[in-house]
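Next up: some structures, all given as structure tokens.
Both of the next two complexes hold subunit A, though its partner changes from subunit B to subunit C.
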Partner chain A sequence: MVSSFCWSCMTRLRPTPRAVLPPPVAAPRAASFHTSTVRYALPAKKKASLDGPPKFREAKSARMKKKKPVEKSRPPSVGERKALRKRIVLSNPNALEVEGMQDLSSENMVDARLRGSVLGLPVPMLTQLRAVEAFKPKQGWSIFRRPGTVVRRETLELGRFIDGISNEGKDKGRSAKKIVTGVRGSGKTVHLLQAMAMAFTKQWVVFTVPEPQDLVIAHTSYAPLSDDTPHLYVQNDATAAMLSRTVTANEQVLKNLHISQQHPALKSSAKAGMTLEELAKLGIQDPAIAWPVFQALWSELTATSPAPGFDKGFKPRPPMLVTVDGLSHWMKNSEYRSADFDPIHAHDLMFVRHFLSLLKPGSEKPALPNGGLLLYATSASNNPTIYSFEVALKQIAARQAGLNASAPEFPQADPYSKADKRVIDAFDSAKPTIAKEGILELQTLGGLTRDEARGFMEYFARSGLLREKINDAWVGEKWSLAGGGVIGELEKLGRRLRVVN
Partner chain B sequence: MVFILGVNFPERNLVKKSLESFFGIGNNASSRLLARFHIHSTCKVGDLANKQVLDITAALSEMKIENDLRRQYLDDIKRLKETGTYRGRRHALGLPVRGQRTRTQIKTAVRLNRMERRL
Partner chain C sequence: MAWQSPNCIVHAMQSVRRTVQLRSFLHTPISPVSLRTNITPILSQQQRNARGYATEVQTAPEINFDTFSVQPARIIPASPAYFSGSPKFIDHLLNLESVLAKWASLPTVSPGEAPRMAWFKLMQFREFVGEPVPTKKYKNLIKILQRLNRIDPKLMPFEVRDTLKIFLRPGNPYGNKPVPATVDEMGRARGRGKRKTSSAVVHLVEGEGEVMVNGKTIVEVFPRLHDRESVTWPLKCTSRLDKYNVWATVRGGGVTGQAEAITLALARALLVHEPGLQPVMRRAGVITVDARRVERKKPGHVKARKMPTWVKR
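Our next item is the complex of A and B:
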């Protein structure tokens, strides 16, 4: 602190003669009234301060005050954080309602005039789509008033195909098998979603595997199938979860179908006259029998005629849609270990094996005898690199183009690359012998056309997310920026906020 | 709460981690045990079937773990001391046994190696 005493004023004063001044008193003046006690008092102890030199064996460092531990709130309860992470928001009340947006229906899913427009998903169907986990948390559903998907060329083809199988006609009972690939953000998962939505409108039965990865990372229980086949494994909890998805989504269809054959594996629990919904619920209630229940359900749904003695009330089975999203996780060793601590190949898991076996052409009857569609998508973002799978996909494309497997230009695995033969064999399907069964195809999703991109961007503008004049030049620019109309990139451009002067 | 080899584990604990709490069972042994009884690695103690608990307990009781293993460990050291080997001497002197330098950094040896060795 600076003293208020001014030294310059002080110097001007004449020094007072010493004798005149009273003798200086050592005692403090404050207690001048009682002087004696102060005089006899012991000299005041020096305050213990840190200023002095350090004493022997005494640290002289700055003593920090210890921070009081911050009171921690209780950690979130079990499953709360995961629920938040996996939460799917399908509606944004701040976005504008798009006027004149049609809902997907069995009529307009084949309407070529709607190409490039966005069709809303019918609101009652959303619970079904949620049940089969068609929506993924990272998709941008939460920015629009209600979920909708753009109708592109592939969507119309899909619509025509699904419509053809469902209607009476020459296509009834046909089945197709497709592996959907494409660059990242090209709309593979949404393509599957569109297929599911169309299948629901046509009263198909939909089986989905939304996360194939979950089956092979050893996060769900497993057990050997039986004592005779110690190298095959069932995953009861995962199977029960799939049954539960299927029952929730297809309740109306399964309620109206009844058991049409004996199920020796289920013994007495499967009774004659049971609906398929009740049958599937057996497996949900008791995961220990989930796999036999699933097999029974599958054989019921693929039945073309009732077994003798079960003729009463047999209804023809609906077509089926089977989707798997993220196939390549199934093409390597799983994280599970056998009893001898050897890694278990994903193809030795019965669940995986079942869905991969559908890709093979059936010998007596097709894999899906009542017609239907297998849509197996790869993923471009969560994708282990598996050489043999890449080769297998090339081989499918070559076979589709009409190349014979013995032709010299037919793509073969490099003999020095240790390609997994099981993977290549899984996709090595001969031409189907049955007329209604389609050959395994590879469908590559690319970008939208400019017209489709324009329709998509107009949807953003009409939802109030994009404040731009949508004209051909602007759309062309964004189309190019999005790598030739890759829809995921277009969405990023459309949702990006921009300040408009 | 589930009893595995006489120890009570809360149901929310991982099986793997619970097994590793026994002296003598580490990552490798616990992984192999889990694989032997077809238990996945993220399984919780509460999810185990009764039979699996019994199987694990039976397997653990056959293994040399906990006090048996500790006793063997101490016996081995004792044998070294009694035969008068260099290693036994180092154990008794509280110095590192395996040729480490002793100028600095021998805290572990000072702490552990002594006449009446404890684990």
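Our next item is the complex of A and C:
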């Protein structure tokens, strides 16, 4: 069998699982890619009707038809169906190669002339992006020759910010905290993906939580943190999985960094002179110590100077990007239960608590002392409705607009609606005292502008997916139909197969 | 019996002659005038020619009813259509036909240019004449009225004008025309539309093609692309999609009904801005109102039309 993947595009090819094809259907002989109905199919034979009076010497009682024994094939093996469901295809060899498409690089990520064009993701980086699960199965990566993203206004701002932090200058070491919201299909997840791609080009360390829901639906193991704090819980397997993601994606960076302080929680397993990659792998190999290892790794990456005795070969730590995609699942009781069978609030899980604590301004040093970016996105499709979270987001926006918390027009939770105090407190971050640390912001993604939409639709046309004349009138129509250029809707319009007959 | 004697034959001949005379009179066209004038002479002539077999048949002199010395045996109805069941209606119809025949040669204008007249509705007309008028016959009467109304207004004779006036609804429904809608001081045009059980109000302002429905974007309200296309169709077919902003409020009904109610409302609002677009939009089918509603369920049926399944016994 010829592999359906192109060797030049795909860097990582796992041995494909057993091909699971739909059972061959006997009746329609037309090729399966046809969208039109089978016109000239033979008319179905009429069933011998059972009604009507019984014939001469015919039994009058109802006759039950015997069911034919259905041939049962072996069910697919464990995990196979899920693997198929979660499969991410990043390439379509049938799509045309777009000529002159640039790759994302550290030079062109601040280039305002590229606004509205589609930048490809560099092929070597795809492994890293796959490792941090930046791609989601339902996104339309599989219709193009190679993955690429549109440069929109927010992307350029993000590029400038990441570039400023990475380069020597006044912005070096700055950090920003953003909660990304927007309507469904407005490109929140892809915005995170773009941030990750830019962070990888700038050699940042990237931590991601691609599915926050998985941490609270009681699908991974949990245990009390310690005897002193029986109400706090760690999730060792999930932590190990995150360490594994981080190590795979940031291997090159972590390899060159060494331990710079004592880690009493790890006892003897953390030796002096160990690289951070080796440190993180301790947690992957033994999930029982995953949480202390993660804490050690985090303290190493946020270190600004070496502890006494570890001076040899200390390198300044790179900036960090932390992304969480789908924040609202963390704002309610989890499905876990305590020993008394009381529900555990998501904020009592150490994993969740750690990432939410980053939103608060640090007291003596910032939450990300070496600079970096916190990007926490909400989801519009898989989104539990949580009143207190909505209020908290409104409060963030008000605080960002310069409104004082004691002002009368400052949005407050309705006292009769039982708002969750912990959720509101989690986002109640005061103005940071340290200069380099940014205030918690709310970034709302809207639609593309017409020019950006035009560039996006031209990309479809140049990939051979769209056979229309792309002019301003046509783009304007699609822009309106897509609710003001919501990019997910534009994509649906672009990939829609028009059957002309 | 009586026929067997020769005398009888003579009598029979006489009776045949009399009936022939009577029959020829019956076959002459009857009109009220001739009836009034002709009857007496025949009687007198018959008396005069009672025995003159060989003489020629002569027309009877007129009967002078005024000089009747006695009242007739029964009251003669005023209308000759008295025994038809709907005499007033038939009188009106005959009158209209005669008026039309009289003025048929006058030049006419096209139906669109003729002045709009509010004729009696069928029920009103039935009340007006006090007779059960069949629908189809009334339609024919309306046709005559419309034909008369098409006579060039400059040449319209007074007789026709007065005749038509009889059939007009009181109160002059078309007299007070609504003030043509205009764009308000903030540049908004308002249009209302209905479809199925939905009703929509659209405010249209000049803009760059944003569509909001009930305060939400069109994508949130209409996830189906077809509905979004039908909402924006009036602007699309006139290529005005990037020149206006739409603010729609829609209530009631389902998704499709809401979308098409907005279509109609949007078309009407667009007409306020640009009345010249009417022919284009009529051809695109957005001005025509779809007045269909859900058909009611009937007793004995499962749904509006569906009958219960036939069971043999």
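Just so we're on the same page, the second predicted complex is superposed on the first by the 433 of 501 C-alpha atoms of A that agree within 3 Å, B and C clash if a C-alpha of one lies under 4 Å from a C-alpha of the other, contacts with A are read in each partner's own complex, and residues count from 1 in each chain.
As a convention for this text, a residue touches a chain if its C-beta (ideal position, glycine included) is under 8 Å from a C-beta of that chain, and two chains touch if they have at least 3 such contacts.
The structure displayed is predicted, hence computed values, not measured ones.
Enquirer: Could you check whether subunit B and subunit C clash or fit when both are placed on subunit A?
Expert: Overlaying the two complexes on subunit A (C-alpha atoms) leaves subunit C and subunit B fitting together cleanly.
Enquirer: In the superposed arrangement, does A:Y336 touch subunit B (first), subunit C (second), both or neither?
Expert: Once the two structures are laid over each other on A, A:Y336 reaches subunit B alone.
Enquirer: I'd like to know which partner A:K492 touches here: subunit B for first, subunit C for second, both or neither.
Expert: second
Enquirer: Once the shared chain is lined up, is A:Y416 touching subunit B (first), subunit C (second), both, or neither of them?
Expert: So A:Y416 meets neither subunit B nor subunit C here.
Enquirer: So, does A:V183 touch the first partner subunit B, the second partner subunit C, both, or neither?
Expert: In the superposition, A:V183 touches subunit C alone.
Enquirer: Could you look at A:W479 and tell me whether it touches subunit B, subunit C, both or neither (first, second, both, neither)?
Expert: In the superposed model, A:W479 contacts subunit C only, not subunit B.
Enquirer: Who does A:Y222 touch here: subunit B (first), subunit C (second), both, or neither?
Expert: Touch status of A:Y222: first partner only.
Enquirer: Smallest separation in Å between any Cα of subunit B and any Cα of subunit C in the superposed model?
Expert: Between subunit B and subunit C, the minimum C-alpha distance equals 31 Å.
Enquirer: Mind listing the subunit A positions that touch subunit B in their complex?
Expert: 78, 218-224, 233, 335-341
Enquirer: Over in the complex, which subunit C residues touch subunit A? Could you list them?
Expert: 209-211, 217-220, 225, 228-229, 232, 236, 239, 241-242
Enquirer: Spell out the part of subunit A that touches subunit C in their complex, as residue ranges.
Expert: Contacts found on subunit A: 183-185, 472-473, 476-477, 479-484, 486, 489, 492-493, 496.
Enquirer: Spell out the part of subunit B that touches subunit A in their complex, as residue ranges.
Expert: 12, 31-32, 34-43, 47
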